[in-house]
Amino acid sequence: MTDQRAASRSVPETAAELRRAVTRQFGRSLHIRTLDTGSCAACEQEIRLLAAPHYDLHRLGFFFTPAPRHADLLMVTGPMVRAFDIAARKTYEAMPGPKLVVATGACALGGVYQPDAFTHGGVGETLPVDVWIPGCPPSPLALLQGLLVAVGRLAEKVQDLSFIQNGTPR
Amino acid sequence: MNPLPVLAGAAAAWGLAALIALLGGTSRPAVRACCAVSGLGGAAAVAGGVASLLSGDSRVVTAGGSVVVGTLQLQATSLAGVFVALLGLVAVAIAAYVPRYHEPGRATGLYLAVYNLALLASLAVLAAGNVVTFLVAWETMALLCYLLVLRRPRRAEAAAGAFWFLALSEVGFVLIIAAFVILAAKTHTMQLDLIAARARLVTGGWRDTAFLLALAGFGFKAGLVPLHVWLPEAHPVAPADGSAFLSGLVVKLGVYGIALFGFGLLPAGPAWRGVLTMAAGAVTAAIGILYALGERDIKRFLAFSTIENIGIIVTAFGAAMTFWAYGQRLLWAFLLLAGLYHVANHGTYKTLLFLEAGVIEHATGTRDMDRLGGLAHRMPRASVITFVGTLGIAALPPFNGFVSEWLIFQGLFQGFRTGSHLVAILIVLAAATLGLTGGLAIYAFVRGYGIPFLGMPRTRPAAEATEARQPVAGPALLAVACAALAVGAPVVLAVLARAMRTVTGVALRPELLPGNLTVIPAHTKFSGFSPTWLAVFLLAITALPALIYLAGRPRAASRIEPVWDGGIVAFKPRMQYSAMTFSAPTRVTFDALYRPSVSVRRASDDPAGRSGPVHYESQATPVFQRYLYRPVIRAFEWLADVVRPIQSGDVNLYLFYVFAAVLVAYLIAAV
Amino acid sequence: MTLWFLRGLRRGVVTTRYPARPDASAAALPTPPAFRPEALTRALADRLAAACPSRALARDGDALVFDVGACTACGRCLAEAPGAATSSGEFELAATLPAHLVKRIPLLAGGGAAAPATEGGSP
Amino acid sequence: MTAVRAGAAALPGLLSQLGRDAADDARPVITVAVPAASLEDAVRRLAAHPGARLADVFAAGGGPAAGRDAAAAGPVVLRLVWGLDADRGYLITESEIEGERYPALSDIAPAAFYEECEIYEQFGIRPGGGKPLNRVALPPQAATTPGQAPPRLGRAPVEPPGDVHALHHVGGHAFEFPFGPVRQVGVESLYYGLVTSGEEVVDLYLFTWHKHRGVEWRLQGRTPREALFQVERTEGLGAVGNAWAFAVAAEAALGLEPPAPAARARAVALELERLYNHAAATAALCQSTGLVIGQAAAEIALERLLRVNAAAFGHRYLFGVVDIGGAAAGPDAAVLRRDLPGAYGELCRAADALLATNSFLDRLEATGILTQEAARRLGLVGPVARASGVATDTRVDHPGPPYAGLPPAVAAATAGDVLARFRVMLAESAESVRLIGDLLDAGAGPGRAEPVGTEPGGSQPRGETREARGGPARAGMAARSGLGWAESSRGEALAWVALDDTGRITRARLRPASVRNWRGFDDACRSQNVFTDIPIIEASFWLTVAGTSR
């Protein structure tokens, strides 16, 4: 039951606008819900370690919440098994807007599985992804960077990288 | 003003109503007419009851007599006033309820006739001026109630429930007769007020015997544990208004009997008498609510909760008597007042709840909580009304149960004024028991309301329930009464205080109501509160946040989303707490009382560990039936076999029996 | 609990200063490859594409298209062409658009090296 | 490895011969062809054989791999893998099943039940006796909406699953407490049907199909080395164990023998994996008991161990270490010698403090008890089984290189509760550290045995392999097949591979330890627990959903 005007406001078009909305609404504190759509459990382990003493994401104002109702950001791992569609959709819809989706790990980015009868081969086609974090699994540091990029507190770095050794002019 | 004529009017109205029902019960207009008349009678009874509270005891009127029933004497007393008023209120509510509840028909006509006569008989019990009148009225009332319970005699469980009722009622009746006979014999009068006046002629031993007999005898009707077993059997099988009448009034007549002996006829008494009564009450309260938590059938559940409330009232009476023994006249009167207040309150909301139980049963075809659920959406009116009753019986402000229970607690907390350490401790123990009871009562009624009305429907009938054409007026009236009895507490207390002056000769007014709507439990400088202001305050603090929200809520997007269910494919009704699972913790904690027998059948016990259907049963043992009543019944059966030879059918032998009996009688007379 | 408290005090702080300061542990992390266009031929690009188990590499004309997102840093391309690919050492790879993760590496070695340098190299 | 074709009658002789082979440590794997008629009898014999346990049951054939046109359906070949722990060998029985039914194995060997369900879903044949099965891998919508039905390894079931699967109906004074599939933060998706009377757990069942990715189906048509990539990413927290088992199977099929240093490198990785898993389990135990400080201490240890992994092998979770015929990466012995003691020391200190914290131990003691009988009956493996007094450890019972040289001491307990599992894990960690030391002293490094014939397909463009998937081959009595096993941190991981003559996989069977041990989980939960104990029990099992629904 979303009236159109309000909907257009609460779900911004561009990720940049969304990030501004997030910063405006939550200041610098954000609550994170994770969603495993068929990962190999390594990504989950790395996400758990984010709260461990070595990385302690609370110092950056991030918190984990088990209830999507309280979540502002959804960290999705795994290649989005088709059997999981309902749960994924329910979880995303249970989150209040504005909300961010972070595709986490190579599976979620379409690296390990190809689209077929079992999986979508990535979360991109099921959920509106705002930030993509590569890695198999992405290390906690990579995850931290991804989260900071997601809330616009760190500039995206990869788009300026060429992956050309000893920087041949691009 | 003399209330008797008014009460006579009520009696006449009920007689007339009975007649109308008998003649024209098959036609809807006649049923309506019958109920209208019956309701008028009820109104008259309310008026008469209040009048007798205010104007004190009337003279004893001898309304003629006959060889059969002895002289018929009537008196409107202040002690009975509360009960009379309650009788009237219940009658009005039921009169408003019946036309929509019962389909016209011969059975209905008969039933309504019996019901109105039962009202009449109850009134006679309360207005009885002498022993014979009382006993005759009492027995008539009991038999008529038996017929009420037996509305559907074809049903086995109906017959059984009705039998439990009648059997225990008769046993009680014998004890009551004995009690009255002792008093009448020792005071050489049948007239109740004279018995009260000459009570000091009765020597201590006889007096205590009479009281104990009365306590037991009326205890059967009031439902004191372990004499309570008929309530959960009889209430479910009676029609809703019938069980409302049973719980709302008939059990109160038992309470009236206890009050009559404890405060009217034999006020003076040793401390142990009060302590005993208090203990009986406390035990009754605790066990009643614990058993209520074990029930799925709404009516059985309510029946057990009635037992609990009776326990609370009797505890108050017992404590009052104890205080008298220690010369605490103020607290004596105060606790009697509080107990009577609770009588009125319980009569109100319990009647309401039973009537609503009837609505639910008609709308869904079941009384099993675990087959209901989600009725709040389907039956908004019923759910609101029931909610009021639930708040009342759970003793939560701003409704009436809270006021009277608060007063009772405040009275018990002053046990230290007895000066005796032992007794003080006992009274505080009783208070603690009532505390536990109160807590469990809230738990029980969260369950009793939440399981049927909230959540998702557990069965198709519950999902398709509708409250169109279901009675509303009666319960609604009682809901209003619940609120009025709380908000209008100062007025109620003023009236009751007036009555207490008549009954106990103690003037409570200044200590009780210093004005400004506060209520002081008997002694100033102990505690005090204002039910009225509390109600206003509560309304304010609930309304304020709502207003703030409505004023300041964001105009932006607002979505209504389903409950978060962990992302499962479909959230099913079987995934909700049921009545039995909700109360499982108590079954675990108090398993010594429940003695549950658990049976589990699960596919996963297969050695291969295959998962599949599960069935889990945890049945509480009916302790009292099994360990108390069954042996007694066995013993009587045995006894019957033994004495059968006496009844040989030989006329000469019978003549000899007569001779022997006369001889024995002479000998007793001579001694 | 005092036991735990004291242990905690003795243990001291282990928390990283990232992102304020770089974190030393990042050095040991597996990272996507970086390529040397000078060493890449079409044939080699095809071999790399075949060797990549996660389809992160593909040849498009005279460019090696590298999808960093699909890369699992498994190192098989490094094993396949030690001269042409090395570990990039980049782990801060979060992107706001999938397009940002797709890189075109010109094939400057072997046949037709000059022409694709402009066409293939421009992003 | 000896492959024998014989009837069930020859079994006793084979078993005795097996014992002799075991004497000279030949790692015997015997394959016996048992006709379907005498299968039941053979199962009885083997179930009665001392020290024999049914390690795995799986099927092959029954139609073209990757389930394309079902016209070409051949007979289904049913394989039972028996771990003959006393005789230090494995025995595989092969039976061709014609028609829809085969003798109900789980009536004789209950351990076979889960696999019976799998086989029904994947190959459409079901055990006789008509007992209901459970849904294990394929989602319900696969049954209801035929359009969505994912491909199967064999042919689709003939009977509608509705008649075959048991209904989870809860009756009486209990209700189903739904938990999942989306659960706490940072845990895998899994659905618990938690049947409770309000207090104690009456019953518990698991739905794991939310994560079924059809891995075994994916592996078909790939070369073992390509497949290895997928195998490692099937159960990330068991990457080395599963990859090793798979590699051993492929090596057996290809006739490869990894060089000794490479074998030791694998073993180092495997023990490191065991270490960090047990550290992670400790952290999870603290979390489930609400002991946050203990959790932090354990997580410090865990993080340091993962960093040791990264420094020694280049990957925090040791992906890409195992290779077909050897090890792709070798340990940096210097780094290990320098950092491992410190990291392990963290774990020891955390463990010591935990074992001195009564509020913690009280939650563990007598919680989630799993009887020895149950552990045996359900064929459990690894620390879970060992904590219940079933001391199976393939490193000792079926020693391959390098464990034949330096056998570990098997830690075992009998209590079978959470505390026992915790203690077993701690003891194993100590043993792992010792083993790593010995392995490094013996010398461990990367290396690879080149196949006798050149291994094909290794350098083919992906596109073609997509086409080639499944290929023409029938995975019936495979020409080249092999069985592999490894003692992963969760217990015995098994793999079986059949290759066609181009060296591509026609049927690959992965059986991570999680598949077995989840079956003990509900049993442990039902034993006198209230439902706040369930997270503790789950942590003590430390299984992955990814491993069981693969």
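Labels for the chains are A, B, C and D, by order of writing; each one numbers its residues from 1.
Criterion: contacts are C-beta pairs under 8 Å (C-beta built on N, C-alpha and C of every residue); 3 or more make two chains touch, one makes a residue touch a chain.
Bear in mind that the values here come from a model prediction, so they are computed numbers and not experimental data.
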Legend entry - More contacts between chains, A-D or C-D: A-D
Legend entry - Rounded Å distance between chain A and chain D, as computed from the means of their C-alpha atoms: 31
Legend entry - Computed distance of Cα centres, chain C from chain B, in Å: 81
Legend entry - Distance from the mean Cα position of chain B to that of chain A, given in whole angstrom: 62
Inset, instruction - Give me the residues of chain C that touch two or more other chains. - result: 14, 25, 29, 54-55, 72, 74
Legend entry - chain D residues counted as touching two or more neighbouring chains: 181-183, 229-230, 233, 296, 300, 316, 319
Legend entry - Numbers and ranges of chain B residues touching at least 2 other chains: 565-569
Legend entry - Full enumeration of touching chain pairs: A-B, A-C, A-D, B-D, C-D
Legend entry - chain A to chain C touching residues, read off their complex: 15-16, 53-56, 59, 106, 109-112, 114, 124, 129-136, 138-139, 141-142, 144-146, 148-150, 154, 156-159, 161-166, 168, 170
Legend entry - Footprint of chain D on chain A - complex, ascending: 32-49, 51-55, 64-66, 68, 78-79, 81-84, 87, 90-91, 107, 112-113, 116-119, 136-137, 139
Inset, instruction - Please give the residue numbers of chain C that touch chain D in the complex, ascending. - result: 1, 3-5, 7-8, 11, 14, 25, 28-30, 46-47, 49-55, 72, 74-76, 79
Legend entry - Of chain B, residues touching chain D in the complex: 565-569, 571-572, 574-578, 580-585, 588, 600, 602-604, 606-618
Inset, instruction - Mind listing the chain C positions that touch chain A in their complex? - result: 14-16, 18-19, 23, 25-26, 29, 32-38, 54-56, 66-74, 85-86, 88, 90-98, 100-101, 103, 105-106, 108, 121-123
